[in-house]
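Look at the two complexes coming up: chain A is in both, with chain B in one and chain C in the other.
Moving on, here comes the complex of A and B:
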């Protein structure tokens, strides 16, 4: 009986081990005082961290990746939000068709999407580089933005709009004072997700990139000269930064829900 | 308001959704300061009327007037009527003060005045300390009152209430009915209240409009609706009723001779409540409320006398419901005080006075 109860936890923790061991190895390697990545580690150092923090190429690639993430996220939200409104008010078969069309890019093999974007950019005379990458990333994240926002719109009580209108709000005020605040958790989630998606993208950035390299592309090009502990160090920093961002977002989103559900529990339903 | 125009007037209003006719050429005058209830089963078009007055949809035909002004083409956000929704529809991301003040803010009222108005209303709904709380921190009854305050805040011409008590439990519902009625009296506002609960309609309204299939069946005071129903539908929808089939055997200037329960009964003509008075040979329906029967032998010249045996008895605490099988095989539902002695299977004599019945022309459709 006792043993049976241990099967699932054991299974789970073994999987966790498999998931995180490679990451732990990377994190540890960043402290190895040698030009090569290998075990055992006899001498420890923080030089690698020190070095990559002041590496001009890495700095500028991170900066480029960040700008691309911001621009592509802005595009996908500006395009995705009205699209979500359109889908939300569409009923029946057409709605399903619209959603399928919108989701298609998300299921396309990334390499196919990247090559076609590259060819398309060439045809319309768009130079490879930051703008091309940002547009490519926007294409990739738009489906997720639409679905996240759409789910929230669908959960919205239609009477809220009627009530605001009834109290004298014109369509602009209804949008800015009622609808957008209601959608804000979904918009925040879509924003973070889109940022991360853009930041970590390699394939599209590789195909659409110009002279300047985004961070993942730079890492890849460095790898061709061998994997030194510096790359382990920078990978670890990025890993920690994105994990913190993810936890922070989760905390904010869950914090809200916890607050409201707690208060529902705390107060009687009827007085 | 100093003018004498009705608060709201609907003229030949029709609304159809595709092939479905939700409202059928309906006209209605709602006077200033009344508590008017639209009562009917779901799908009778009562909520459609509210949505047309509020401007959430446009009528297929006809006009909506508020305070004598035609607002049929006025956009919803500039109409001077405010609505209380069944699910309250409080703005979840705004606190109670912001919710209540929203309407005034839209009118461009200065900040200080909005705060004063908001406090006034919080006092009116007897919840003075909740201004900075959020809707999800309130109980159902409190949210209900806030929704009412929010609609009253911009001082509307009329208040539209769409089954606002539907989500509350029975006890709280009764309490809120009294409170709502009291607030209507204090503010003197015109209330247009929609419900499918006949008891609720009876206990709160000055005027009840009974609706069926997109048309008005009867407009009257609660007493008249109950005692003088204009149709079998109204009689059976509002309270319970025996709809007894009858034949007209005779008619003179003052009375109608009816044949029912295997006997003749003379009833004053003024008990006829349908628009048409049935003539000799016609079918009629006699509406007898279960509580109109009394045990024992009545006055032979006036009362309807029924003898039969008691088939079923349901004890209800202070009252009891009896099912009497009359000599001719017809059944009568009877409601008596529980102190009256009656036991199943025994013979029972009951009588009913002409004052407590209503006569309708035609046979009643089985409902």
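Moving on, here comes the complex of A and C:
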């Protein structure tokens, strides 16, 4: 069995190399003591990291991206939660239709979605800029939020709600003391997911943006018109931060899945 | 929290909400459905409908007092301009090739993680491969620029070994673009493949092995047919991602091989009456991509049914 013993593991680790080498290379490049991005690196410095922290454009673009991520996530959760309730209540053809309209933004070519939103924003008189981008990002992350919350709702035991109601809980108590705590892992996962999606988005920010640039848009324009190792330094910081957050979100969502499959089997699994 | 709830019970808003919710199933439904339905209408339906409408207009935005007129000129114009038509075809060919390449590259990885690796390590290996998922398209493009530039990592690596003809022209052509896009798309392929292959019963493979089936036979007769749903899902995702890709082709691709999304962006950013044209081309791209993917799914579905005894 050469294939299983030798070829497949080797291939797998080559693939891992393919995934990680570019990221390592960009991290290393941030320490090059020169104005140009090039190899070999003969002199090393940490100056770029100092410099990048005080670069006004980069600071403000990161700050703008963060604010947009927060606003768009707030919107997508406030709208996504009742949407998941709505889908959970509908059945049959109606449910299928509702889900396909909801998932539409995730299947459109991104550029088409971005341009349609830009035209629509112009039509309703919404200025390009922060709010327009945040709304655009909320449109993009809504499908994911709804699906994550919906899977959690579907695994919920209806008896919990009925029992609370029989014991005299009013709808708000049921919502805040029973339903929301049960949904909290999915909500938290959806929150992180939506933050990351927004923070990483380029195309929607590019078309819906005004004068101020979000971080990906700034990076894009610098990559087209001249860049230095400082850009590699800030990219490294951002990629480490987003990767850590992403793995954290993944852990939360996986923990949820593991727990719910345990509940279904009714016995603890041993892996 | 409890205290806050007890306290807020004194207010009319709280009681009002509850009474309203309890009045009748219809009001209850309305309270849940109002916000979602308004959102779906405004965010998912209206922009697309608006885009379709504008694509038939001759000019947009209208000047004050101008009467709008409708025609098919922008759709007809598309087929008369070989420059645009060629970019459109190039996008579809490119996306198809990249999708197939991604499938070939990722399939062994998915198989290794889900079946061949030691059981205790599988979760960890999956996590390792999933980790770079959250690095954005732009940063990934940047990383490949640093890798493939004339004085980039790969060329300096080759030069270090004294390879003749260094530096090679690796960047700003179809090669660098394909490498970057496969890099970007591999995760969208990996996850569906992983979950499909993981579901295959180990006993089937063992039984086949006991009955003397060679490794190749087990792959072609058991693993490939049974992972078909994963292959279809992965290819669909990767194709739809690739065909609409805008930033990476601009950053990594060559100047002569413009893809269709870049053309749409160009038309859209021009001043003047180009919004209707951009809308028409966007709709052509969307419809063509969805039909293409739909045909693929239908075809694969028939194959899959045919393969079963």
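Simple rule for what comes next: the second predicted complex is superposed on the first by the 242 of 271 C-alpha atoms of A that agree within 3 Å, B and C clash if a C-alpha of one lies under 4 Å from a C-alpha of the other, contacts with A are read in each partner's own complex, and residues count from 1 in each chain.
To be clear about the criterion, contacts are C-beta pairs under 8 Å (C-beta built on N, C-alpha and C of every residue); 3 or more make two chains touch, one makes a residue touch a chain.
These numbers come from a predicted model, not from an experiment.
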With both complexes overlaid on chain A, does A:59 touch chain B (first), chain C (second), both or neither? neither
On chain A, which partner's contacts cover more residues, chain B's or chain C's? C
Applying the document's definition of touch, where does A:46 land relative to chain B and chain C: first, second, both, or neither? neither
Quick check on the superposed pair: does A:164 touch chain B, chain C, both, or neither? Answer first, second, both or neither. first
For A:182, using the defined touch cut-off, is the partner it touches chain B, chain C, both, or neither? Pick first, second, both or neither. first
Applying the document's definition of touch, where does A:173 land relative to chain B and chain C: first, second, both, or neither? both
Answer with first, second, both or neither: which of chain B and chain C does A:100 touch in the superposed model? neither
When the two structures are overlaid on chain A, which partner does A:151 contact: first (chain B), second (chain C), both, or neither? neither
Share the list of chain A residues that count as touching for chain B in one structure and for chain C in the other. 170, 173, 271
Residue numbers on chain C that touch chain A, as the complex places them: 1-2, 5, 14, 17-18, 21-22, 29, 32-33, 35-37, 39-40, 43-48, 50-51, 54, 61, 105-106, 108-109, 111-113, 116-117, 119, 125, 127-147, 149, 151-153, 155-156, 183, 186, 215, 240, 243-247, 250-251, 261, 264-265, 268, 275, 278-279, 282-283, 285-286, 289-290
Can you tell me which positions in chain A touch chain B when the two form their complex? 157, 159-160, 162-170, 173, 178, 181-182, 184, 260, 263-264, 267-271
Within the complex, chain C is touched by chain A residues 1, 3-4, 8-9, 11-12, 15-16, 18-23, 25-26, 29, 36-40, 78-79, 82-83, 85-86, 89, 98, 101-102, 104-105, 107-113, 115-120, 122-123, 135, 138-139, 142, 170-173, 176-177, 196, 199-203, 206-207, 216, 219-220, 223-224, 227, 231-232, 235, 238-239, 242-243, 245-247, 250, 271
Chain A-facing residues of chain B, complex: 54, 56, 76-79, 81-83, 85, 87, 89, 91-93, 102-103, 106-107, 134, 136-142, 150-151, 154, 168-169, 171-172
